[in-house]
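First the structure, then my questions, so here it is.
Chains here go by letter, A, B, C and D, matching the order in which they are written, and residues are numbered from 1 within each.
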Amino acid sequence: MQDYQSILNDIYNKLSKKEDKGTVASYIPELKHVDRNAFGIHLQVIGDKTYGAGQYAEKFSIQSISKVLTLAKAISIEGHNLWERVDVEPSGNPFNYLSLLEQENGIPRNPLINTGALVIADILVSQLENPKQDFLNFVRQLANDDSINYNEKVAKSEKETGYRNYAGANLLKSFGNLKNDVDEVLDFYFHQCSIEMTCEQLTKTLYVFANKGACMLEKVHLKKSQTKRINAIMLTCGFYDEAGEFAFEVGLPGKSGVGGGIVALLPKEFVISVWSPGLNAKGNSKLGMQALEIFTTKTNLSIF
Amino acid sequence: MQDYQSILNDIYNKLSKKEDKGTVASYIPELKHVDRNAFGIHLQVIGDKTYGAGQYAEKFSIQSISKVLTLAKAISIEGHNLWERVDVEPSGNPFNYLSLLEQENGIPRNPLINTGALVIADILVSQLENPKQDFLNFVRQLANDDSINYNEKVAKSEKETGYRNYAGANLLKSFGNLKNDVDEVLDFYFHQCSIEMTCEQLTKTLYVFANKGACMLEKVHLKKSQTKRINAIMLTCGFYDEAGEFAFEVGLPGKSGVGGGIVALLPKEFVISVWSPGLNAKGNSKLGMQALEIFTTKTNLSIF
Amino acid sequence: MQDYQSILNDIYNKLSKKEDKGTVASYIPELKHVDRNAFGIHLQVIGDKTYGAGQYAEKFSIQSISKVLTLAKAISIEGHNLWERVDVEPSGNPFNYLSLLEQENGIPRNPLINTGALVIADILVSQLENPKQDFLNFVRQLANDDSINYNEKVAKSEKETGYRNYAGANLLKSFGNLKNDVDEVLDFYFHQCSIEMTCEQLTKTLYVFANKGACMLEKVHLKKSQTKRINAIMLTCGFYDEAGEFAFEVGLPGKSGVGGGIVALLPKEFVISVWSPGLNAKGNSKLGMQALEIFTTKTNLSIF
Amino acid sequence: MQDYQSILNDIYNKLSKKEDKGTVASYIPELKHVDRNAFGIHLQVIGDKTYGAGQYAEKFSIQSISKVLTLAKAISIEGHNLWERVDVEPSGNPFNYLSLLEQENGIPRNPLINTGALVIADILVSQLENPKQDFLNFVRQLANDDSINYNEKVAKSEKETGYRNYAGANLLKSFGNLKNDVDEVLDFYFHQCSIEMTCEQLTKTLYVFANKGACMLEKVHLKKSQTKRINAIMLTCGFYDEAGEFAFEVGLPGKSGVGGGIVALLPKEFVISVWSPGLNAKGNSKLGMQALEIFTTKTNLSIF
């Protein structure tokens, strides 16, 4: 039996003292106002207790982590048809994502890069009656927590400066791989990225992927085979061009966001979330990556 | 002394009978309504007579040929500073133009590809008091013809479907290489492309580049060194990824547009315009390219 | 308790009757002589029994599967230093592997693409006293089987026609990422690829990666952390540009070869090998991929 | 009437005093022994006098300038068939030349990049009875000078270190676009590059391209249409990714070599050669480029 609380405390004590905390994302102006010294970590053992250290109850912007949630919703609606419009291969290069899209005729490499997530957003805009409200309800049910919400300021901030996402959406549209109006899809996308959660809410939300498709209070059921596939995509594509490195050093399916959050999980065993706003050169939380390396080394838990 | 009229007649007779006239551009819906059998050719000898055959007095959409005219206007205002924001190298690949832009940090390869022309449009939007009207006046002065005008229907049609240009403009903006509002620059750009001219008006408009910077009635003077450089750019970049082929087969500076127009010139000697709406696989007028090959072969005139 | 023998029999019966068996690799002339109807499958449960069906005792050319074995040997010698010369990220595109190498300054994306494996071969040529013999001994110890051998005809055949590998090795050399003579490294590489095994020998050889670093008769010990990392690389990079698809559909670390062999494993649980010489469009065994999909679906075993 | 001698003297006096002379190529070890302060310039007016300044009678390695000469010989043998194996479009990017070749299925962009020149070399190896001797004779006839020769030391030096050319030749071979043995083609190629000439010999050798296909003493006749096309290729492709810049700043067809030589010409008017071993960042002679800019500015002569 592992003493998880001690391990989380050790990680918190060691990392929160580090001088080099990485660089807070500046391309979404509204995100710059965050406390760059914040560090939180939260662990949920499947069917058992939870543990936390640091600012694990403080809200942050989940950003790209939301892509896993929109993917889950879209798969539950569309099933296998979805894969005609987006691939499941790692992209390897974050800076070239538009180039790859152009060279591959408008089919994004996977649903966890921006253009892939835009296709998923397009599907939800088509299929949901009230896209933004319905998706938010889905997330709240996963977490069993109705206090989860969009941050309108962050959504607005990204709308005003998200030129690269406008470029990506228009490029998808030029290839016929966006069915709805560009502005409508981007409005949905900027909102999904603006969702705020604490580490604790995040582990609860992702519980369903580690628990064979059943969320904590069983409000939502995903098919077991679908959660397995989403886990596979998180492992191969969850960290942009650092996906191989994360699989290599940590060995868990997971997803990061430029808000500094990372969530990872071991199927049937646990879900863990970390938050520290400073990013490394690849755009993943610097201390968050280190925290998960330490955690899997100390506990000797990984899928490999 | 060459019998130019006979040569133009021969070209017209030979080519207008051809079965395979290429494919009329369909991506701008409004352009599809053109008569695909139209064929016009017009020649202006510098300081001498003019010659024409076929529908050389019929208006067509000059589209990308306008890029030479915005470039001339921008150079006359900005001088060498302009080259900090756009390069002068051939691009080689039309389909990858956004990829190249991404890989080269937002500096377009040259001012005659779409993204390069968008940077030039951005400069004119910044520098001209009434951008659209002032630029139209410049073109009218070059041609000494106030009947030249924008086609609002064509501009509107491209605005509604020009997703790839929206993508390019937003990508430029994300690199900081577009100073004005994306929509404002695109509005200017779609208008410049919508200008309509006859072959005759087109040869007159380009007269300035073959005549060391002086237009027909000397309403406009460009610097001789600037027209030489624009000629060089036309030769190396005027035909997308068929630029080398055109230099090789025709050997004249020139520019094509998806409306099916081509204009080419031999400095100090002549300007020639052709129009036939069907395009080849590279997006250049199929019969237009052939017409110019025949013309330079028969007259034995080229810069090489 | 699963009835593994029935499952293997079912897979054999179902797949060996399939009309479309894919295309036997033709680029190594000597490989073309294989029986294209052959199909073998073999399973080794860790610390327990083995099961087989079809031609599981017939030898075939392991080709790229050897890259996992050279990597294991090189890591056991070089440790972490190795990662300065080769990355651990998926490549995404098999056809562009030289392009990627050129664009990334001579550092191959991962050790399981050809140029990455050439760097690993270069390390072994530097570090082993008798490279070819010493490496063969290492493989024999892993499998506890001294009958495993190189096929000189296959090695010679690839030497005569492996222009792309010559190109890759020379490109590495031009970047200074190959220390030994190009021909010497390629000779080693063509030999490692020519190793012949049966499915049974292959499962035994890979046992060490599923058994925390200890091979069957404990002749060889790898560090547990190193086998975990090699498993991670197999999952993210083991199937060229079908790696994501394999993780998605099968969910096991594994490696394929153009000889038609595939090996995959579930840590602490089992190792499984399949062989069918016909390949799919991505260069992986067509029936082999299907066999593993059926196996993991029926047994409900995967890392996710 | 221009005073050419004064202009050449001015250029020599101005440039030979410059501190920043660029960097002598180091990748061919044998080329490093050159006097980096050397500067020569030579002008031949068609059907008229010659002029020289500086070390215009000193031999240097012509390197890539030889590609124009092998192209001329190959065209004279093969005619238009040659263009099935190599394109005529500018490449834009020197560092990616292997990537472009891979992405364009083994058809080099043009005959003046390395892989294009290797295809031309392959044609000559196939068509000439004694390839090296026959080609040398052709060059000697063009120049009317039997003292022109290969430098065996330079050829050997490049053979020992030309890994990138080995990579390119093998990549061509893998696409089936090299008919002869890789080593045989490279031996020819390294020899053609090793030819030594003075500026004076170089202007004489290129005379044929400015004189409608007739060399000085009419020992060799090329078709006029073929010299026009070679001139077009020199203009669009003669300076790697600085081709557009050279057309823009100088406005003449020309070709550079890493030995520091540049030759350029104005059809029917003149041929000019410059030599200064220091290169700029693009691999073209730094002072040589400046010399030609000054020359065309002062004389006001260019094709545009």
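The rule is short, and it goes like this: a residue touches a chain if its C-beta (ideal position, glycine included) is under 8 Å from a C-beta of that chain, and two chains touch if they have at least 3 such contacts.
Every value quoted in this text rests on a predicted model; they were computed, and no experiment measured them.
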From the centre of chain B, which other chain's Cα mean sits the farthest off?
C
Which one of A-B, C-D or B-D makes the same contacts as A-C, at least in over half of the residue pairs?
B-D
Euclidean distance of C-alpha centroids - chain A vs chain B, Å
47
Can you work out the whole-Å distance between the CA centroids of chain B and chain D?
32
Note: chain D sits from chain A at a C-alpha centroid distance in Å of 55
Sequence positions of chain C contacting 2 or more other chains:
none
Touching chain combinations (by label order):
A-B, A-C, B-D, C-D
So in the complex, the part of chain C that touches chain A is made up of which residues?
87-92, 100, 109-110, 227-229, 231-233, 235-237, 241-245, 247-248, 251, 253, 267, 302-304
Chain D contact footprint on chain C (complex, rising order):
95-96, 98-99, 102-103, 163-164, 166-168, 170-171, 173-174, 182
